[in-house]
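Going in written order, the chains are labelled A, B, C, D, E and F, and every chain counts its residues from 1.
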Amino acid sequence: MHLNYHRKYCGKIQAVIFDMTGTLIDFGAKANGQALQQLFNQYQIQLPPDTLLAVADLPDLAQLKYLFAIESIKNQWQQHQGSLPDEKQLEQLNIQLRTQQIVCASQQLSLPVDSKAVFQFIRKQGYKVGVCTHYCRDIASDLIPQLAEGGIKIDHWVSAADVSQPRPAPHLALTCAVALDILSVSACVKVDDSLKGIEEGLNAGMWTIGTAISGEYNNRSINEWNQLSNTERDKIRSEATLSLYRAGAHYVVDTISDIQSCLEDIEARLKRGERP
Amino acid sequence: MHLNYHRKYCGKIQAVIFDMTGTLIDFGAKANGQALQQLFNQYQIQLPPDTLLAVADLPDLAQLKYLFAIESIKNQWQQHQGSLPDEKQLEQLNIQLRTQQIVCASQQLSLPVDSKAVFQFIRKQGYKVGVCTHYCRDIASDLIPQLAEGGIKIDHWVSAADVSQPRPAPHLALTCAVALDILSVSACVKVDDSLKGIEEGLNAGMWTIGTAISGEYNNRSINEWNQLSNTERDKIRSEATLSLYRAGAHYVVDTISDIQSCLEDIEARLKRGERP
Amino acid sequence: MHLNYHRKYCGKIQAVIFDMTGTLIDFGAKANGQALQQLFNQYQIQLPPDTLLAVADLPDLAQLKYLFAIESIKNQWQQHQGSLPDEKQLEQLNIQLRTQQIVCASQQLSLPVDSKAVFQFIRKQGYKVGVCTHYCRDIASDLIPQLAEGGIKIDHWVSAADVSQPRPAPHLALTCAVALDILSVSACVKVDDSLKGIEEGLNAGMWTIGTAISGEYNNRSINEWNQLSNTERDKIRSEATLSLYRAGAHYVVDTISDIQSCLEDIEARLKRGERP
Amino acid sequence: MHLNYHRKYCGKIQAVIFDMTGTLIDFGAKANGQALQQLFNQYQIQLPPDTLLAVADLPDLAQLKYLFAIESIKNQWQQHQGSLPDEKQLEQLNIQLRTQQIVCASQQLSLPVDSKAVFQFIRKQGYKVGVCTHYCRDIASDLIPQLAEGGIKIDHWVSAADVSQPRPAPHLALTCAVALDILSVSACVKVDDSLKGIEEGLNAGMWTIGTAISGEYNNRSINEWNQLSNTERDKIRSEATLSLYRAGAHYVVDTISDIQSCLEDIEARLKRGERP
Amino acid sequence: MHLNYHRKYCGKIQAVIFDMTGTLIDFGAKANGQALQQLFNQYQIQLPPDTLLAVADLPDLAQLKYLFAIESIKNQWQQHQGSLPDEKQLEQLNIQLRTQQIVCASQQLSLPVDSKAVFQFIRKQGYKVGVCTHYCRDIASDLIPQLAEGGIKIDHWVSAADVSQPRPAPHLALTCAVALDILSVSACVKVDDSLKGIEEGLNAGMWTIGTAISGEYNNRSINEWNQLSNTERDKIRSEATLSLYRAGAHYVVDTISDIQSCLEDIEARLKRGERP
Amino acid sequence: MHLNYHRKYCGKIQAVIFDMTGTLIDFGAKANGQALQQLFNQYQIQLPPDTLLAVADLPDLAQLKYLFAIESIKNQWQQHQGSLPDEKQLEQLNIQLRTQQIVCASQQLSLPVDSKAVFQFIRKQGYKVGVCTHYCRDIASDLIPQLAEGGIKIDHWVSAADVSQPRPAPHLALTCAVALDILSVSACVKVDDSLKGIEEGLNAGMWTIGTAISGEYNNRSINEWNQLSNTERDKIRSEATLSLYRAGAHYVVDTISDIQSCLEDIEARLKRGERP
C-alpha cells in the first residue's frame, strides 16, 4: 500500500468531566482529611497531615486499611483499644467515617465564586457534565442533588468505588466518558486540582485543565486563602501552577470560574486538527 | 505562565483488543448472518445480504427489532404469520436466534492460519488480550473457553450488550481497556476487520490494525477464499485495504497472523514519542 | 463534519529526473558557453562570463535575442557588421549555434566517475529515468543516444523549447513526470547542479538533490578540477553546497555518482510518511 | 554539512482547477451516462448504472471499447446486430456518441446556484481558472464558450484525450497547471465531485475541495435533489462528505457555491507555512 | 520510564538585539569601508570593494592584519613605504583608523525613517534592547550616547572585541543576552542586515529579522537609494530578501522601521508554543 | 515574499557541559551543606536541612547573607554572639567557609563508578567538556586539577560568581558555551542533577540529561545509597526520575556513567533534524 491516511477528531468538545473535591466543591480539599481526623480523634489518635494526602484518592474502606497498616497508628490504636479492629469493626468504623464525611463535605459545598457563569456557558455550548469522586456512592448521591439545587446539573457521576484502580489510572475518567456517551476521548476535558487527576485525564486521552488555588496543593479554605497577603498568594499560585503544568496539564487556572477561555481555546485547537 | 509542558506516553504496548467475528474467529464474518438467515428461512423469509451487514454491530434483540422495522420483511412476515411478533414472541425468536448463533459461530471457530504464533508473541511481550464482541454474554461465554482450549487465552471480553452505544462509539473498547487495567489509552491496540471497529479504536484514542482478508469486507469463508484466482484476491485485498486505510487504520494486514510486525512498529513509534 | 483525514504518499520512488548539462553530462557546464563564445568570436566579439551564465536556462534562439539586447554587444556587432541581424539572419546564426553546441556538448559528454553504478541501482529499483535540458530538441535527440551507448538509458526527456516558462518554474519537471506516468509528484526526485533547477524541483512538489562539484557553480572541467589543491576544492565545495542547501535542496552531493545513499534515505523517509 | 534548510511555499493561491462534469456543470453528473444510454437504446441495449459510472473517467472512444469488452453487452449487440463493430463502425458510433454528449451536456449546463459570486471572488483575487474534463476536445470547445457567456471565464482547459492516464493519476491536473503557468503545485486548488478527482489533486501535490451534493455520488439532477426530504438529503450529504474526506479531500462542501471560505482558509494556511 | 515531557517557552519576547552598522545606524553600512579607504588613500593605496566587505566582521586591529596579508596590498605598501609596518606602527595605524571610523560613523548616524515609533513600541512592551557591534569599545561608547540623545536607549551593548569568535558564531548575541538577563534564548530576537548576523542569531537559538534595504547587501546611502528607479529598487530588494530568507531569517523587512508587525507575530507564535 | 525557509542545525554534538556538585563529583551533593553545617556548628547553631538546599545555587557570600536574613538563625546568632556580623566579619566567615568547602568537597571528589569510560567516549567523539559550578573561583580552581589527575580533562569551567543571575537563568551554561567556542546552542548538552540545572540548560536552548541517583534529590553519599534495599532505591529513583522529566529533561539516567547512550541518541536526533 503506497498511501497512508491519518484521521483526527476536529469536532466540538462533547463533555467536561470535573473532579469533585477541591475542584467542584470543597475549595481547600479538606473535608476528607477533617472527617478522618475527627474519626481518629475520638480514639485519641492524631493523624499526620501527609498521611491524609496519601489516602486522598482511595475509596473509604481502603483509606482505613491503609491507615491501620502504618506502624505508628497501629501502635497508638493498640495502646488505646487493646487490639486492632477486625473486619466487622472496620465496617463499623467505615460507617462512622461516612457519616463524618457527609458532615464535613456539606460544610465545604460552596462553589468557587462565579462558577455558575461557567456552567451556563457549558450548558449553552451543549457540553455534557461529568463528575469523578473518591467518595463512596452513598455520599456522592447525597451531595450531587445539593449541587443541582445550586444550579449545577451533573449528567453523570462515578465513584472511586466503581473502579478497580485509583488515579492516575484513567479508569474513573473513561468510565464516566462512556456513561456520558461521548464519541471520542479527544472530545473530553478533565478538570482537576490534583496532579494525579491531571494524569488520569492525560492517560484517558483527554484535554486537561488544572486548578491551582482551589484544591489539594493550596489546601486552604476560601477564608484562609482570602486572609493571605498578595506575596503569599503569588508564591502558592506559582508553585501550584508549575506543578500542574509539569504534570502535563494543558491549562492551569486559579479555580473552575476561569475555565471558559480554556474551553474556547480547546475548541479552536480541535478545529485546527490539534489533539490533547 | 511563560512555559508549557507536553507529556507523552512512550512506554510499551499494554493491551491488544480484538474484535471477535471476522477478526479472531469466523474468517468470513458469516456466522451471524447465517444464523439470522436460517432463523427467518424457517418463516419463509429470505433476508437481503446488505441488510445482514447493516445489523452486524447490534446486540441480538436489537437485530430482530431492526429487521421487523423494514417494510418488506414486515410484509412477508404478516403474509405468512398473520401479525407481527409481540414483545414476548420477540423474546422467543431471540432465544431461537441465540441457539442458531452458537451453532453457526462454533462452525466458524477456526482461527486464521498461524495465529498461534502471534498469541505466543503477545504473551511473551506481556501484553494483555481483550475481546469485544457483538454477541450476547451467553454466547460469548460459550465461545471464549473454546478459544482457550485452542491456546488463545483472553484476559477480558465485553459484549455489545454491556454498553449503551454500538460501534463506532468507543464504548466497547474503552470498557474493555478499563477492565484490563491499562495505564493509558495510547498503550492499547485495537484489531478489527470492520470500518466501524477501526473507528471505535480511533475514537478510544488507540492504535488500530485492520484485517482486510478475514472479515466483513471479504465475507468469504477460508475455503471460498482459497478457491479464488490471484487476480480476484488482489482486487478484493486492494479494495478492502484501501477502505480500512481511509477509515484511518494505522496498519492494514490480511489476517491477525500478520500483526506481529505492526506491533513491533507501534513499539518503535511509541518509543520515539509518536501517538496513535 | 467532526473528523478530518490526511492522506500521504508513502510508496516507493517512481522516477528520478536529471538535469542534463552539469549534472548528467558536461561536468563543468561549459559547453553552451563555449558554443556561444566560439560563435561570437567569429564576429570579433568577446562575451563576458556572467552573461554566459545568465542565458544558460534559455532555449537557443532566446539566448541570441537576449545577447543582442545587451548594449555593449549590440555596439560591437554594429561596429563590425554594420547593422544588427534581422529575423532571417538570426535564424542563420541559430543554426550555426546549434552546430557549435553539438560539437561542444559532445566533447563534454563523459559522465562523472562511477555514475554507471548509480544507474544500475536505479534500474534495479525500477525507478524511471527522466531528463530535462535547455538544449533544443535537435541537439538533445543527438546526445541521448550517445548516453544510451554508454549504458545510460533515458525513459523520457523534455527540452526547454517544449515549455512556456524557463526554470525555476516547475514546467519542465512536471511535463517530464507526466510523460513518465508517475503516480504522485512526491514520488519523484529532481537531480540538478543549479539553484534554479533545485527550485524547479521544489516548485513541482518533488524531492531534490543538488550536485555541488559537477555543474554551474564550479564551472570547471573535470581536468581543471583535478588540478586544484585540496584547500581550493574544499572552499568551492563548501560554498556550492551551502548555496544549494539554502535554495532548499534536500540533499547536496559532489556529483551524481553519490546519489544512491540519498535515494535510499528518501525511500526511508517516504515510508515514515515524510514529504518532500 | 551541519545545517539543513527547509523551503516552503507561503504565497497566495495561483490557480483553481475545476473538474467539469458534476462540479462546474451538470449538477447530477448524468449527461455522459444519458448520452451512452440513449446511444445504446437505439440498438435495443440497456446499460447497467454501475457500468456508466465505471467509464466516467475515460475519453469517449475508450468508453465504447470498454463497453464492448463486457460479455453481456457483447452478447446483446451480436444478438441484435449480427457481429461486433469493427474499427470503422466504432468511429461511426463515436461520432454519434459525441453528438449525443453535446445534446445531453448542454441540457445540464446550468451552474449551481450562486456560483457566479464565487467566480467574481476568484477573479478579484487574481486566481487563474483551469478546467479538466473527460469530454473530448470537440465537445469541450463547444461547452466552454457557453460558460463564458454565463460569465464564467476559463483560462485553460484540458481534456482526458490529451493525456495518457485517466484519474487518479495526476496527469490532467499537472498538465493544466503547467499551461496556466503556475509557480508551484502547492499554489493550486483542485475542486472535484469524485473520489478519483480528489486523488488526482492530491497526487499532483495540490489542495483539494470535494463537492458532496453536486456530482457523481448524489447522481441526481438539481430538480431531483430539491424534491428529497431533509432526512434523505442529510443521509446523502453525510455519506458523500465522509467518502470525500476519507479519500483525503482537505475540504468538502455541498457545491462550488460554497468554496470561498475554503479558499480563504487555504490562503491563511499557506501564509502559516502549511502545505497541502 | 514510560512517559516523556517536552517543555517549551511560551512567554513574551524579552529582548531585541540589534546589529549596529547597516541595521541601527549607517544605512548603507559604508562607514567602516570609508574609514579604511581613507586611511589607505593617505598611503596611495586603493582598496578593492570586495576586500572591504570581507573584513567587515573583524575587530579593527584584525582588519589591518588581514589587509596586510593580501599580496597586492603588501606590494603596494612596500613600494610606497619601503617595509611593512611592525607591531608598533600597526598600533599607530589602528589609532588613526579609529579616529577615521568615528568620523565616518558619526556622519552615517541617522536612523532609518520612523524607527522612533518602533523603539517606542519596544519600550512599551517592556522588551530590553541590546546592540552587537564590530566597532571597538572606544568607538561604540562614543556612538551609543549619540543614539540616546536621539531617543534610542540601549540597555546593553557588546563589541566584537569582547569575544573570541566573529559572526556567524553566536558569541556576540549570547554574551549580550546574558548581560541583558534574559530568561530564555527563545525569548530573544536578533535584527541584522547581514547573512552572518542572521546566522549568529539562529546559532544562538533566537528569532531573527533581516533588513534587506538598509545594510550590507544594498550598500547604498539613503540618498543613493532614494535616487534609484522603482525597477532598480525592486531588483535589489528581491535579491537581498531572498538571500536573507535563504540564510534562515524568520522575517525579512526593508529597514528596522518595519519590524513591529514581526515582533507581534513572534509574540503570537511563542504563545502557540512555536520556537525560533 | 512567497517562500519561507527554515534552517536547522543537524551536525554533531559540540560540547557537554556538566554541573559539578552532585553530577560530576560529590555523589550526594552534600559537601556544601556539610561545610555550612560545620561552620555554624562552631557557633552552636544547627542549620535546618531544607535551608541547606535553598542556598545550594548561590555563590558563597550570598549564602551567608541569605542565612543571616532568616529570623531563627539571626536569633540564635545574637543569643550566642551578641550582635550580627558586620561586613568585615562576614568576609572572615566567608574565608572560613571556603576552607571548610575545600575540605568537604575534596572528601567527596570521587566520581561515579565507570565515569571514565564516558569521558573516553566524549574525547573520542571530539566533544568539548565544560563545567558550571556554584563554588567560588578559588575552590573550583583547586578542585579542577584534582579531576584532571583522575583523568577527567575539563576544557573550561565557569563559577556562579562569574554571572549576575543564579540558575534557572541560562547565564552559566551560555557563558560556558561561548568560552568553549561552540557553533550553535543546539549542539550543546547540559548534564545536571538538579531541576534548576535542567531548566538552565533548556533556557539556554540546549539538550539536557538529568542524573536521578547522584545529586540533590537523593542527597545520600554513595555508601549510604549502597546500604539501601532495592525497594527503597526504586522509590527514590522513580520519584527523582519523574521530577527531572517533568522539569523537561530530555533524558534521565542514574549517574553520569550512563549518559553515553543518551549522547548517541541525541546525535541520531540531530541528524534527523530534531531540536532540543
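FYI, a residue touches a chain if its C-beta (ideal position, glycine included) is under 8 Å from a C-beta of that chain, and two chains touch if they have at least 3 such contacts.
What you see is a predicted model; the values in this text were computed from it and never measured.
The minimum number of touch steps linking subunit E to subunit F comes to 1. These two copies of the sequence, subunit A and subunit B, are related by a rotation of 180 degrees on CA atoms, to the nearest 5.
Note: the chain lying farthest from subunit B is E, by mean C-alpha position. Averaging C-alpha coordinates per chain and comparing to subunit D, the farthest chain turns out to be F. Should one ask which of B-D and D-F has more C-beta pairs in contact, the pair is D-F.
Centre-to-centre separation between subunit D and subunit E, using Cα means, comes to 55 Å.
The centroid of the Cα atoms in subunit A and the matching centroid in subunit F are 37 Å apart.
Centroids built from CA atoms put subunit C at 66 Å from subunit A.
For subunit E, the set of residues that touch two or more other chains comprises 1, 3-7, 9, 183, 246-248. Of all residues in subunit C, those touching subunit A in their complex are 1-12, 183, 273. Looking at the complex, you find that subunit C touches subunit D at residues 1, 3-7, 9, 163-165, 168-171, 174-175, 177-179, 181-186, 202-205, 241-242, 245-249, 252, 275. Interface residues of subunit A, counted against subunit F in their complex, comprise 246-247.
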